[in-house]
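For reference, the structure is listed below as structure tokens.
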Amino acid sequence: MAVVQITRIVRFNAAHRVYNPALSDEENQRLFGKCNNPNWHGHNYTLEVTVEGAVDPITGFVVNLRDIKQVVEREVVEHVDHKNLNLEVPFMAGTIPSTENFVLGIWRVLAPAVAPARLARLKLWETENQYVEYDGR
Amino acid sequence: MAVVQITRIVRFNAAHRVYNPALSDEENQRLFGKCNNPNWHGHNYTLEVTVEGAVDPITGFVVNLRDIKQVVEREVVEHVDHKNLNLEVPFMAGTIPSTENFVLGIWRVLAPAVAPARLARLKLWETENQYVEYDGR
Amino acid sequence: MAVVQITRIVRFNAAHRVYNPALSDEENQRLFGKCNNPNWHGHNYTLEVTVEGAVDPITGFVVNLRDIKQVVEREVVEHVDHKNLNLEVPFMAGTIPSTENFVLGIWRVLAPAVAPARLARLKLWETENQYVEYDGR
Amino acid sequence: MAVVQITRIVRFNAAHRVYNPALSDEENQRLFGKCNNPNWHGHNYTLEVTVEGAVDPITGFVVNLRDIKQVVEREVVEHVDHKNLNLEVPFMAGTIPSTENFVLGIWRVLAPAVAPARLARLKLWETENQYVEYDGR
Amino acid sequence: MAVVQITRIVRFNAAHRVYNPALSDEENQRLFGKCNNPNWHGHNYTLEVTVEGAVDPITGFVVNLRDIKQVVEREVVEHVDHKNLNLEVPFMAGTIPSTENFVLGIWRVLAPAVAPARLARLKLWETENQYVEYDGR
Amino acid sequence: MAVVQITRIVRFNAAHRVYNPALSDEENQRLFGKCNNPNWHGHNYTLEVTVEGAVDPITGFVVNLRDIKQVVEREVVEHVDHKNLNLEVPFMAGTIPSTENFVLGIWRVLAPAVAPARLARLKLWETENQYVEYDGR
């Protein structure tokens, strides 16, 4: 049975500050530079959500993307779009909002929510020259 | 011996309707929504064809991309460009033209045709926010 | 008073056939080639809608883009997305659905609908290598 | 003497809130919706800076782009990259940081700074679906 | 009679060196820096060719793009693709191959060749962050 | 411990000629066609450098991208940007500058230089329709 992957791309924007409250101001500045600006900065994020599975012979689909879109909207976009990642996003509470931690946070909420489809990979672009990927390993 | 992957991207456009003739009109509408329009709709498709192998020390190539381009043109593009996927494409006959089935159909014609190069992956974009991948698993 | 232009981009897809019913089949084929396929073909269209005016000192906006988005959705996207441009689109009735005529049809419905904002330019991409522009001249 | 335009593109990111302090919270919310989030949000901005003039027969250039890049870096990017447009950008003080006002603010600092080259147009992308243009009219 | 613009995009690559043989080596290095490398460097160029006119009621076209594509292929692409702009391109002979002079050279060969269509604008991308435009002024 | 991948994209341009000095001129022409032009041609290359590892709880980073950027600049970009791949690039000496050999050459210099981060994948675009990938296999 062929295993096919299908990906939906969503876009949102948010503010954040890369900052570890357990460190001194000097140490934060040394590690994170201008990303540590206490007045915040922000990004247009692009998120690629990949699920995989066998193709259903009735629909020709691995999964109805309409359902995936609703899940991603409800579990991710509504919580992060036009928000502050340090202050307002439940699944980011207590973590440094680096792109790495952001993708792991999204994985934690999406992996159970897309079932029975299997979440295969997330790819999160922070700028057009930088992205992070995670596949559940 | 290093295994390198090389990808060629081609573009074409086609009409289709996501529709299962074994189901009632109501069921088709419920499952496929506006993609089920009996008057058709269409897309600009982008196809990424990836082959892999060792690098030939005489040419520096895994395979001469000129040959891959000719194969993809002859086996895929000529059959689908400016065509109707439901009515006119031999390798799609009898299948629902979802993106998943489309990529599986392209794999069936390309995998033998690119030999002795090994087809490693297909990535088919239906819109700029949606793509399907298959690697032969 | 500075005149600023603001542009909103929307995307949709549709089927069409470039065909003039007043001409013979041979003449249609000679003029339009594979774009004349009677089984249709289709595209992902990208439409850039530009309006212009002075900046409102209360809002900082030429116009609230939320309003422009609603107008474009209601007047254009709902009528063309996942549709057949030859058979189903009221503002295209009686015209050959070339990209040029398509952009003129969209202008006719949008120019009055965006008032009091002034429609300054439409740019319609049919493929990533081809677009048409109209500015009301 | 032919007049040629040359454009340099730069990218930066920033936080902002679309908010008019002269209005009530309710009125700000009604006008600006989620863009009014008091915890900020942000964007990756793309700025296209176009200058024009005759081609210098010694260099083949309208202007040495190396000089334009330095001017844009010094006058714009250093003041806005990883900054808060409401709180930290001198040329935005006292204005609502809409994209329209942002492009007018950049024009005010760049037009004299690129002389003797003539600033012909600014195009500022806030998201990949939205941009503002100004040409000095 | 509405005036519509239609644009065709072509891509090619070439080698060049920005160098004025009338200047000393030191002066060339000071003006052109690494672009003056005597061992050459190169680019993937993207050229947008815009023609304009009234829409023909028989075809719905300003001009049949098939004809424009052939003209651009024959007059430009065949002479520059995989070529050296300093050594091999007839319409660049005797000029410094800056992007500005390149676009003016292309204009000189294309403007008469697209007649009776009217060449309205050329836009030539040298990198994804830099482009030159000319409209015949 | 989750393994996350992070990618940095850099861009540069270079001249080259696909040519094997051990073969006759006729054989080079037959194999490489216009890519064998003795007057060179060139490309804008885009390189995606992916490293992977566990997320450091102090920084939220797999690795500080600032360090990766410096390494890629020093080990790759400085040696290839605005250069001739056949004549001037130490790590390409003695190899045919195909995209395949170019990516293998970059791997050889980057893999030790990014340590202790682990180089996971390189993706090198030669044109917007062609790329090569290598992951160390």
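Chains: A, B, C, D, E and F, in written order; residue numbering restarts at 1 for each.
Heads up, the rule we're going with is that contacts are C-beta pairs under 8 Å (C-beta built on N, C-alpha and C of every residue); 3 or more make two chains touch, one makes a residue touch a chain.
Just so we're clear, the structure is a prediction, and the values are computed from it rather than from any experiment.
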Lowest number of touching-chain links that must be crossed from subunit A to subunit D
1
Per mean C-alpha coordinates, the chain lying farthest from subunit D is B
Geometric centre distance via CA averages, subunit F-subunit D, whole Å:
34
Using mean C-alpha positions as chain centres, tell me how far subunit C is from subunit F in Å, no decimals.
42
Using Cα averages as centroids, what's the distance between subunit A and subunit F in whole Å?
28
Quick one: which residues in subunit E touch 2 or more of the other chains?
128
Thinking of each chain as a vertex joined to the chains it touches, would you call that graph a line, ring, star, complete, or other?
other
So which chains actually touch one another? I want all the pairs, not just one.
A-B, A-D, A-F, B-C, B-F, C-D, C-E, D-E, E-F
Subunit D - residues contacting subunit C, complex:
18, 20, 23, 31-33, 95-101, 103-104, 128-134, 137
Please output the residues of subunit B touching subunit C within their complex, sorted ascending.
11, 13-16, 34-35, 37, 39-44, 81-84, 87-88, 127-128
Quick one: which bits of subunit C touch subunit D in the complex? Just the residue numbers, please.
2-10, 50, 55, 58-62, 64-66
